Amino acid sequence: MIMETSAFIELTSRFTMAVLIVSIVLAFGRMVLGPNSADRVVALDLISVLIVAFLAVFSVHEGNTSFLDVAIAYALVAYLGTVALARYLFRSKRNDGRKQSPENP
Amino acid sequence: MMNEVFAAILMVIGSLFCLVSAVGMLRLPDTLMRMHAATKAGTLGTGLIVVAAAIFTNELGTTLKAIAVIVFLLLTAPVAAHLIGRAAYHRGIHLFDKTWIDELGGTMETTGGDPDNRQSDPKKPR
Amino acid sequence: MSSGLAAPIIIPFTTAAIMLLGRRQPNFQHVSSMLAAVLHLATGAWLLYTVHHSGIQVLHVASWSAPFGIALVADHLSSLMVVITGIVYTAVSVYSRADITADHQQRGYYPLLHILVGGISGAFLTGDLFNMYVWFEVMLMASFALLVQGKTRAQLDGGVKYVVINLISTLLFLTGLGLVYGMTGTLNMAHLHIKLRMIGDPGLVAAVAVLFLTAFGIKSGLFPLFFWLPASYHTPPVATSAIFAGLLTKVGVYALIRTFTLIFPFEDNGLRELVLVAAAATMIIGVLGAATRYQVRRILSFHIISQVGYMILGLGLFTPLALAGAVFYMLHHIIVKSNLFLISGLIQRHGGSFELSRVGGLYRSHGWIALLFFIPAFSLAGFPPLSGFWAKMILIRASLEVGQFVLAAVAAVVGLLTVYSMVKIWSEAFWKPHPEGVNERAGGVPPMNAWMLVPIVAMAAMTVLIGLLPGPLYHLARAAADELLEPGAYVYTVIGNMR
Amino acid sequence: MQSYILKTATRLLVGLILVFSVYLLFRGHNAPGGGFSAALVAATAFALFAIAEGPGPVRQALRIEPRVLIAWGLLLAICSGLIAVVTGRPYLTGLWWTPPGLDGALAVGTPLFFDIGVFLVVLGTILTLLLNLEER
Amino acid sequence: MQQSNDSAHAAGYSIIGLVSTALPLLLFAGLCFMWPQVVRGGVYAVQWPWMPSLDIVLHFRLDGLSFLFGLIVTGIGFLVTLFAASYMAGHPHTGRFFVYLNTFMLAMLGIVMADNLLLLFVFWEITTIFSYLLIGFDHESAATRDNAKQALLVTGAGGLSLLIGILLIKTAGGSLTLSEWIASDHQIRQHPLYLAIFTTILLGAMTKSAQVPFHFWLPNAMSAPTPISAFLHAATMVKAGIYLLMRMHPLLGGTPEWMGSLVVIGGVTAIWGAVQALSPSDLKRMLAYTTVMGLGMLTMFLGGNNTASLTAATTFLLVHALYKAALFLAVGSIDHQTGTRRLERLGGLWRAMPLTALTVATATMSMAGFPLFFGFIGKEIMYQGALTEEMFPQFATTITLLSNSLMTAVAGIILLGPFTGKRPDHLENVVDAPLPMRFGPGIMGGLCLLFGLVPWWVSAYLIQPAVHAFSVVEKEVQLAIFHGFNTPLLLSVITLTLGGLIYFSRKTLRPAVTAALDAIPLTGQRGYDITLKGLLATAHAVVDGLQNGSLHRYLRITIGVFAITTAAVWWFNADGWTLRLRSADLPLSHWLLVAVMAVAVLVVVRAQSRILAVCALGMVGGGAALVFLVYGAPDLALTQLLVETLTLIIVSIVLLRLPSLAGPPPGPVSVSRWVDSLVAVGTGIVVTTLCIAITNGTIDRQLTAFFEYNSYIAAHGRNIVNVILVDFRSLDTLGEITVVATAGLAGYALIAKRRQ
Amino acid sequence: METVLAILTGTMVAGSVFLMLSKNLVRFIFGLVLASNAVNLLIFAAGRLETSRPPLIPQDATHAAVAVANSLPQALILTAIVIGFALLAFIFILFSRTYQTLGTVDTEAMTDAEPFAGEDSAKGRRP
Amino acid sequence: MNLFFINTFIALGYIGVQGQFSLSGFLVGFALGYLALWLTQPLYGRSRYFQRAPKTVRLVGYFLVELLLSNLRVLWDVITPGHISRPGIVGVPLCAESEMEILLVANLISLTPGTLSVDLSEDRRTLFVHVMFLDDPEQFRRQIRDGLEKRILEVMR
């Protein structure tokens, strides 16, 4: 479904997108800084949520609800990435000093 | 027009909450506290934006989709936070200095440092 | 019915899918494998017959005319390659019965073999560049899987090298595709023939052509991009290495020939010279590599490289005779090299090892194996009246005709060094007495296995037959070469008067 | 990683994700989606299931060996193209059937079956890999 | 040497061998049947097409020269086969032996009857192969295998040279039909390629006919069973080179290059072989060197462009074939009966082996050139030929004189050494060879005498028809027992005298010769050894450096070659560099997005933590999805995001099974890493500039327009991308899902547990 | 945007090549992921970026009325993404299997397929 | 929950009659439907739908307010220099028993001010919560039990 977007919505949605991208940048900053694997996973999780938001805003910006499907789909699955990484964190702790050599000897 | 204005306001507010969560991610002192920011502000911000999208289109299908997204976020974000927090805690993270009580520490044994981080200081929470 | 053009792709894929459903019955798998292979060969032969008598055949898949849809195109070269694929496919299918363990079969050897063949056939038949990429990937994935079946240390190490370098090729191919599309807006190879002519920037076109040269150069084992081949071809089961040795690099050679006759026909931009230099270096380095190796399959692997050099020499010379030589060389080489790898399995089975230092005495104890090795080995070395002689002779002659005396000399010297390697194997594995205390078998020497012998004998017979009656094959190769150098008919058949 | 909370959430989510995946599959022809996306979404559902409950229960729930899914998917995709051949058209030609009286609102065609084939292959493959990886 | 010591076979014979004699005998008879026609100058010719498009015709022609060679091949072939039937009795692979021998003989007949040069070459190479198989017949010994290999490589190299020569003739516009040459006007000699053609063909002939410096394979080839030495390496195969030169004479002969090089090469070879023949104590080896000498002589006479020289060559060919085959077989008999061929272990055998002694006597007399023997006739005509050489006649004459004298001495050694003097104790019980072994040498020894008595007959019925076949004869040269008192006769007398002197001073000469030969720094044999060693060393140097098992190196070369080649080809073909950078009015969000992706790339590159790298990759992937999204590709964005997520799941499982990224602590960056960086940055720049250059132009969107127009109307879908995937380009998708399915199978094959 | 994307692509390619050259299979995987993404973006840019309107035909129309994004490159990239994913999945498994069997991910320590050439040839030589 | 579906069905029917598929239409239809159901309650026998519905609404409202407040508090801590928080991890004994109840409690705790569910004990009786602004653990436990958990259990049971 496509509808006309007014200049007003165009402006606000552009602003919103910019804010979201800035947020992504900030979250990415935390990802880089760490200092902890968990911090990084949390940052990635937040980024994925922000991407969902971006998808929603973009669908408003374009006046095209097809993009919302993308948002839903990603919202549904993005969580799983976080779950998997969390499980990785959980497991990699257990493996410490056994089979794998730890990263900081 | 009312819809548009309302949607725009929600969108902007939502994005600001997203920004807050991101800033919080950057600024808050320890992993668990950053997760507060991510879980709450991120979910709220995104939720508001999705609602804005639903209002803007004012269409049942979209509305249902929006509701689905929000329900999903509300359901999953805390679970994800729980999983990361738990894993992080059990790997041994450096908790904020002002953390003054830790009742979980007594019930679980924690081991080792963070095998994925040469920088991290494997100081045990205690 | 033009859909028959898709048959060489569909038959193996369907067989693979059915096998996945009935994978618990080994006999079922082997029998249906042979059936599919024979069917494939038959459709290939039919295709070649049709092309030869009625001209280039096109299938507009899904009814969308080219360049909008994907066209499968069979000209002489394509159909010849499909036929030869069918031959190797049949031979390896039969041989597999003796060579493939239950565990390999459990892990999907047969379906993977069929998928590999389907991908190879697709690569030969497609008239669309992106579609060719897809078939390359099919082939690549299946070959990855086949290569590491068994999971020995050597296989995994070789497999990693094979995978990694072939991935580079894939990436380059894809990049080239994107760039070509960005220049012309089309992907159909016949259409590209026209559209690229209209690009006003020869430097850019040449640079993009280099991407394809490198990508396919890696696939075909061209100097200095061949490293993956000697690192891996000696590691998998014999049946697998035979089909690899015969067909995989030749798909790369085919792609190079197709690319540089149809899409980027050689112009005055130095690419042809580059190809010629690479061809000469490939011939030399391959044969030198073989001289340094003392394990049957490692020697043979390096020879693949060397002989790819000959084929590319034919391409680089870019005359009808030279291209006919390249095509002839490919067809001959596929049969001979696959057969040699199959025979290496006989050497291993009856001599106990692939290592030359650990085998011997087969001339005395297994005269038939000696004969069966001798035919392809001396054909490979280019002795008349075996098939390799004609291949080599045509290429040397083509070099001389255009005044490339150095290349002719290189081709001749490399031929001599090929003799050196073949004699090394012959001397060590067959003539030398079996080394004492090595591989003494408790149960005595295993009996000959008919599943192994039949395909080897058949392919050796083909080698002799081509040697004695090279005319028909040369005739076909020449027809292929003429089509390649005059792509007008191809282009018109595929896209009509489309601009 | 045993998490009671995750298990509970998973029970709520898996069905929802699967329904959405089917939705994506069938509207892919007219909107973003299609067999591949749908299969990925479906695969995440099972992956979540596997992470929460382990691979055993997933296999039980599937009832069918994932590799068989691959085979059927491949066959379906191949055969959807063969139908055209039987009617004398080039391989893979899309044949459409528009139920009368619906004014063209609904059209069923071989490309849809093709897409279902894609769905099955991709789903089967990811499940094969994931379950075997989990079981190791 | 696989020697049959089994007494059951000592007087026996092999049935297969006796049956095998039928073929040469029949062929010989057939040839004799055609004799009258040939003598009258007629020819037999048959022709079938083989590969006419490549000028290869199955074209056989029997003229005088072919006939002479044919008689030698089949006649000696028959006698040798008969000999071998006994000689090889008891050998485990007698069957193979006779198959090889007969096939060789047929190939040899092919050479001499082919009227198409490429056809001749085919047979030429077949003889090479069978020579290899026969030299290596007793393959258990490493030396034998090496000798066989050496013969194959040397003659094989010559063969390739010959092939190039033949193809050059074609390139130069010449005909490949031998019989056309005599009549044609020989443009080839003026062609710029003449020298190349001549050189390559000469190389082919030289290797096959064991000319210095390629002669060394022939003495080594003596590790073949003796019948083979007699047949291939004395009478027939080594003569193939001579035959080739004869056939080439009308086309290429007569030029200063031809005459000069043949005389010199032949002369050097002759004297070299003759001198070498003095020193070995192995009778076979000694004979091999005399063969080298003979071949040199033949080449030398072919350097002439007059009937006398060519007649000398043709006559000596027959002379040599007869006495040499007889001697080889006789030596084979000695070896067979006594178990040794070494001079110092032989002596006084004439009583024990009278018939063999008689055979050797006639053959050596012929070899030494005593009057009344065929060798004498040969020697006379040789001197005549040498004196009439157009180039270097004095040289030729001197060589002929010296060589013949040496031959006389060697003949003395061969005859007197084994048969006279005191018989050593270990030879007490020796008896003469079985009948089939005595028959062949006996016949040939007899012919050595017989032909010497009827030279006019030989001249008319064998030599002259042959000479006519390959040269234009103005004045016939007749063979006769006595030509009158002339220079050749004088030289003959000197020869015998000098030969006698050499024979009697052999004890002092031999060490001197050996020492002198050892002093020569580079001989063919040493050259061969050095070449092979050098080849192997080069191969190792080149290949071990490239294919060294290091994936890092493989990758670096592969990628580096791509980057450098692309850049170079672009650079040299470009006309001007105008890359327009198009980034106008890009919104801030897009800039930020791209920037964060770029930073993420850097983070991945620098990451020391797996999780960080994975997360940053997630960022890159997510960023790519957003790029897809904002430029109108929701399907792509969706797929990209889904794939990212699934990848994360797989990563989370697999990464646990891979080790951490920990390396050595970051120290100073190595040079190697700088090279890597250079390759990386270079590749990046190449890709970027290519992409910019291409997007600078316009794109033809006719395909997309077609899809947009037909997607709904004709394909019933509103999502154009999906319609492309499942309809317009469904074949791609079929391939794609096959890849996916294969990945599933492949992964399964790697990870699934083994099931019982 | 094409130019910006071209530069981004180049950066990604450079990064991926550097990672691929790192003698560590784990880093190679990261490089591979980067490279696949880079190539996809490159194809996307090569198809030109002109509009944000997706190639979808509206409900009430029979074909796209306004200019929409170029659909063909999207389909190509989609195929490439899927294939890339399949490859990646396999490679993950292959490399983990390799590590399990060979005990290393250091490519320089992996010499099982090609034992040191000198050693190999020495074995084959006659004493 | 039957009545909920009937209610939804009515709402859908309402927008179908209206001919406009919109969010507002659905909400109005749902409200009208609820009213209609409430009026015709005896037809459906005894159902907790009518007790639960307002409680659910109350819970949602409570939750939304809390969510907003929590965000403001995080916002405050984020934008002010220095950190005023006094964090801690507290074990909260749970009355919730069923899996749905536990999930809701844990999730809502995570989504409300300054609290984050970190872990659940093995016996599922104690929820460990990270609290950003913790003054007194006992008081906090009480607060959860009497506030959030109670409201949830009211809806669920």
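Of note:
First chain written, first letter: the chains are A, B, C, D, E, F and G, and each begins at residue 1.
As a working rule, contacts are C-beta pairs under 8 Å (C-beta built on N, C-alpha and C of every residue); 3 or more make two chains touch, one makes a residue touch a chain.
Everything numeric here is computed off the predicted structure, so don't read it as measured data.
Common neighbours of chain B and chain E, listed by label, are A, D. Across the two interfaces under comparison, C-D and A-E, the one joined by more C-beta contacts turns out to be A-E. Averaged C-alpha coordinates put the centre of chain A at 22 Å from the centre of chain F. Centres computed as Cα averages put chain E at a distance of 90 Å from chain G. Taken residue by residue, chain G touches two or more other chains at 103, 106, 117, 120, whereas all remaining positions touch fewer. Of all residues in chain F, those that touch two or more other chains are 20, 25, 42, 45-48, 52-54, 56, 58-59, 72, 78-79, 82-83, 86-87, 89-90, 93-95, 97, 107, 110-111, 113-114, 117, 121.
Residue positions 1, 3, 5-6, 9, 12-13, 16, 20, 30-33, 36-37, 40-41, 44, 47, 51, 67, 70, 74, 78, 81, 92, 94, 122, 125-126, 129, 133 of chain D are each in touch with at least two other chains.
Chain F contributes residues 1-15, 17-27, 30, 33-34, 37-38, 40-42, 44-49, 51-59, 61-64, 68-72, 74-75, 77-79, 81-90, 92-97, 99-100, 104-105, 107-108, 110-111, 113-118, 121, 126 to its touches with chain E in the complex. Across the interface of their complex, chain D is touched by residues 99-100, 102-103, 106, 117, 120, 124 of chain G. Considering their complex, residues 54, 56, 78, 82, 86, 89, 93 of chain F touch chain D. Put simply, chain C touches chain D in their complex at residues 1-3, 6, 10, 13-14, 16-18, 20-21, 23, 59-63.
Against chain E, in their complex, chain D makes its touches with residues 28-37, 40-41, 43-44, 47, 51, 66-67, 70, 73-74, 77-78, 81, 92, 94, 96, 107, 109, 111-112, 114-115, 117-118, 121-122, 124-126, 128-130, 132-136.
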